[in-house]
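Heads up, there are several structures right after this.
Same chain, two partners: subunit A is paired with subunit B first, then with subunit C.
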Partner chain A sequence: MRADRMRTLAALALAGFLILPILPLAIWSLAHGWRFPDLVPQTWTLKAWSLAVDARSGVLHSLAVTAGIALATTLLAALIGLPAGRALGLYRFRGKGLVTLLLLAPAFLPGIAIVFGLHGVFLRLGLVGTVPGVILAHLIPVLPYMVLVMAAVFSRFDPEFEAQARSLGATPWQTFSRVTLPAVLPGLMTAALFAFLVSWSQYLLTLAIGGGRVQTLPLLLFSFSSAGRNDLTSAIALLYILPGLLVLLVTARQVTGRSLALVGGLRP
Partner chain B sequence: MTTLVLDDLRKSYSRAGPAALHGLSLTVASGSLTALLGPSGSGKTTTMKLIAGLIAADSGDIRLGDRSIRDLPPERRGVAMVFQNPLLFPHLTVAGNVGFGLRMRGLPPTRIDASVAEMLDRVRLGDLAQRKPAQLSGGQAQRAALARALILRPEVLLLDEPLSSLDPALRDEMRLLIRTLQRETGITTIVVTHDQAEAVALADRIALLLEGRLVQDDTPQAFYARPATTAVARFFGGVNFIPGTVRDAVFDCAIGPLALPQGLPQGPGLLTIRPESLRLGPGPNLRAAQIVAVDFLGSLTRIDLALDGVALQAMVTPDTARGLSVGARISVSFPPEALWILPH
Partner chain C sequence: MTDRTRIALLLAPALLVLAGLFLTGLGLTLLRSFRYLPGLGLTEPDLAAYAAVLTAPGFLRSLALSLWIATASTVIAAVLALAAALLLRQTFPGRTLIAFLVQLNLTIPHIVGAIGILYLVSQSGSFARLAHAAGLISAPAEFPILTHDPYAIGIILLYVWKELPFITLILLANLQTLGEDHEAVARSLGASRWQAFRHVLLPMVLPGLATASALVFAFAFGAYEVPLVLGAHAPKALPVLAWQAWTDTDLASRSEAMAMAVVIAVVGLALLALVARGLRLGGQDAR
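What follows is the complex of A and B.
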């Protein structure tokens, strides 16, 4: 019983930590003006939300663009991260330390340090202002996470399983899809969720490479925020937070293996 | 016919390093159970992986019946391999593992289920079909791995050290199971092992590899009675070697002339006799020897002897050894039919 109570307390603390900062956003998005010293707004309205879902505000389009870019970035990162992580995790080769360092470098370097050079290169390639250009740019901060997580996953994978599958009649593709992929899937899912979030929250690279023509949610959020539209900004911010919360709930299970207990603690 | 022919196989892992296999030629008869025997580093695992197609040969050919499988990918060779470690896929149940190969072939699920159930019964895992590999004991996992390969009815079955990871008690059980299933199915089987006792107990034929070369391919009995070289004799526990010269059917050496069977090669050679064939007591080729040591080993007793400066070893039953003491002189006889001449 004590353990149960502790768990409930922990769940409440976590919920408070996560939800309390969001509360003002939720109020703002429903307020028709909210002036000091009112504790809650005098009048409520759904205007901000109806504007947010209106095609003319571009919020929904932006949401779709952001999700599409994040999904494409994650998929590409997985396609590169699987073989790269496999090579780093399973094999010893000359220059492995250097390769690891180079892969990690983007995670250390601040985006602002590379963004001007990158802009120049992408301009010459005709990628500035295009969605593929933004996706390529997002791969820079995303790949280190993907590759390093997959390298750690593969370092615990015995490649003899693949030899065994082949000698039981599996083609190379069957071996990958029926043996290797199921073995690394939990790690791949975690890496993919983080990759998705890193892309989802990119601001600087999208601004620089998108050249204002690729409007992702963080860009839109920033422009409404600078325009002083607190209600619409709050509504967009709530939409923006959503995937992060989902990822947290899903990965808590992967990371700790007991998120169900945690979530269960939230239920009456 | 599924006779497996290895023709002058060569393999080096690095250009500079020594070759793992120096031109191995071996014919494995259809339906036989052959042991590929050798100490670690002798090239037996390399040979296994070459047959399975997991590594590529530098030169030579591998034929199954009348077709070359040398350049086929592993999944199209008709060769199934069971590794030393059972390597059951952890995300599948025991039944899922055993049915793996049939699913890869795209068989209908109902036929797969029936085959799997039958196969699991044969390896006595019927009631564990829905278990995950992590819930199996070592012996059960090994049986599941064997079932997973046998269900494919491969033309050649490769077993890599199938008994080495098991407890001694389970070893006999597994050995019997392999033997029985192999006889019932008639699948040409190659067992890799470093243990000569295991090879002798399991196989119809033994191919002995030493340092990447095939030194003898013969029946288990022949390795004891007619070893090809001193190294072969030593690998099978041979300890008695006396240099000398064969002249007609007589061996001239430090302990005087010994009568030999007819038909042995003439000239200088090394006489050998198994320690268990050396007879303590009267008989042909009688000599007198002094007992140097008596060691009780359980089912047998080892007697170390000195005979005109030549050290010899005899293995006798404890009953025969009773009353023998160090320093005593006894008569020793060399039955001619147990004598064998090695090249010297």
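What follows is the complex of A and C.
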């Protein structure tokens, strides 16, 4: 019984710790001034939220820009990552270790290590300050994740099914769309959802390559935060974590074993 | 088409994109850190930027601060994550909710967590208000300085909060593939709970724990937005110092920014080499 109580206490402490930093954000987003030492605001208001959805604050525009960049990055990463994942998951070949290392490297090198050089390259290509430039930069952290997850998916795929479809007269495209794609689709969807989140969370790459002209949500968040607008900052922060919550609810049904490992593949 | 050609074709787009973006970015950072800038008439690479960076007192203090942040965050998060994983492996009421919270936390961007920690533990934050209500302090200035502080307590708090779930999930995935039999066998052979943990379970989860910890260390060492929100004015975390040098109007400090970026890259690559040795990725028949 004592062990049971200890376990419940530990579980409560863990839950409290995880939820704690979100609480002041929730309160601030509904507060009309919240002075020290009030434990809760004296007046509550929806002003921050109505400002957040007002076109003049630029929050909705930033939301659209951030989502568009994340969608485009995910799509590109899926197109490039699916074949590479197939090669790594299905075949053994010379240099496979080296290729895997190159794919892992961007996960270990922080953005700050490469972004100054990347800015130099993009400046010459006219990509600094453009949305396509930011999308390409986001590919660096997103693509390795996509490839490694797809490699894991393909390592459980049996290419014999494709051979059978081909022998029954299917064209290469039919084989892909009717046999291969349906088999890897669940894994691809999970990979895509988390790839979306990796791009969605980028700060430094957007700041440097966007050159101040591509205002994604985290950049807007920081500028309101440093301007001391705690109420609006909190409303934006809560909007900003919504997609993650949605992704989680979508994938929650299959949260055992495999998808747990996929989630674990997410960057820290 | 032979397998060789097929593999090359399948890998080509990913390798081209990564080489084109990642390796070029890294390479140009390296060249510029040696002050090789043909456009400005600098065609003789030298080590002046490194000399300037290494002799500036600010750099060494920032390097030490970033190493402290990464070490403290990683050790605390890893120990707590091990405990959390052992807890979540059991069944108890509310386990589903906690498993959900652990995963939710993983999807929250770092900057949101950093602002949350700021509103929580700053001198006018929620904890300071609670301390006031409890009669412990009478003004914000009496509350301990936990954000923008020289020991980077706020930053470490944020990383522990954010990376504990990351390591926990990797450990849980590991534990799930291992099953519980090994420990049960050890117990039936007379091992105590501690012995079964120390000599049976821990060695089995150690590789996963090490990889996850290395990723966390690399991230906490090199992340920019967290110390931007929670860091002290001086000394600055190394990524913030590098960014400041890069955006400086004095062009000479740009090469110094590049040199600092190279130092950060070297730390990251050293960690990658350690992990690769652990996973034996270098071998020809590695999977």
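Note that in this section the second predicted complex is superposed on the first by the 234 of 268 C-alpha atoms of A that agree within 3 Å, B and C clash if a C-alpha of one lies under 4 Å from a C-alpha of the other, contacts with A are read in each partner's own complex, and residues count from 1 in each chain.
Simple rule for what comes next: a contact is a pair of C-beta atoms (placed from the backbone, for glycine too) under 8 Å apart; a residue touches a chain by one contact, two chains touch by 3 or more.
Please read these numbers as outputs of a predicted model, since none were measured by experiment.
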Which superposed partner A:179 touches (first subunit B, second subunit C, both, neither): first
Partner chain in contact with A:143 - subunit B first, subunit C second, else both or neither: second
Which superposed partner A:188 touches (first subunit B, second subunit C, both, neither): neither
First (subunit B), second (subunit C), both or neither touched by A:30: neither
Which of subunit B and subunit C A:171 touches, first, second, both or neither: first
Partner chain(s) touched by A:105 [first = subunit B, second = subunit C, both, neither]: second
Partner chain(s) touched by A:163 [first = subunit B, second = subunit C, both, neither]: first
Partner touching more residues of subunit A, whether subunit B or subunit C: C
Contact residues common to both interfaces of subunit A (with subunit B and with subunit C): none
Subunit A - residues contacting subunit C, complex: 4, 7-8, 10-11, 14-15, 17-25, 28, 36-39, 79-81, 83-84, 86-88, 91-94, 96-118, 120-121, 136-137, 139-140, 143-144, 147, 197, 200-201, 203-204, 218, 221-222, 225, 230, 233-234, 237, 240-241, 243-245, 247-248, 252, 255-257, 260-261, 263-264, 266-268
Contacting residues of subunit B [partner subunit A, same complex]: 52-54, 73-75, 79-81, 83, 85, 87, 89-91, 100-101, 103-105, 148-149, 152, 158
Complex interface listing, subunit C residues touching subunit A: 3-4, 6-7, 9-11, 13-15, 17-19, 21-22, 24-32, 83-84, 87, 90, 92-95, 97-113, 115-120, 124-126, 128-130, 132-133, 140, 158, 161-166, 169-170, 172-173, 176-177, 212, 214-216, 218-225, 228-229, 239, 242-243, 246, 254, 257-258, 261-262, 264-265, 268-269, 271-272, 275-276, 281-287
Subunit A residues within the subunit B interface of the complex: 158, 160-161, 163-172, 174, 178-179, 182-183
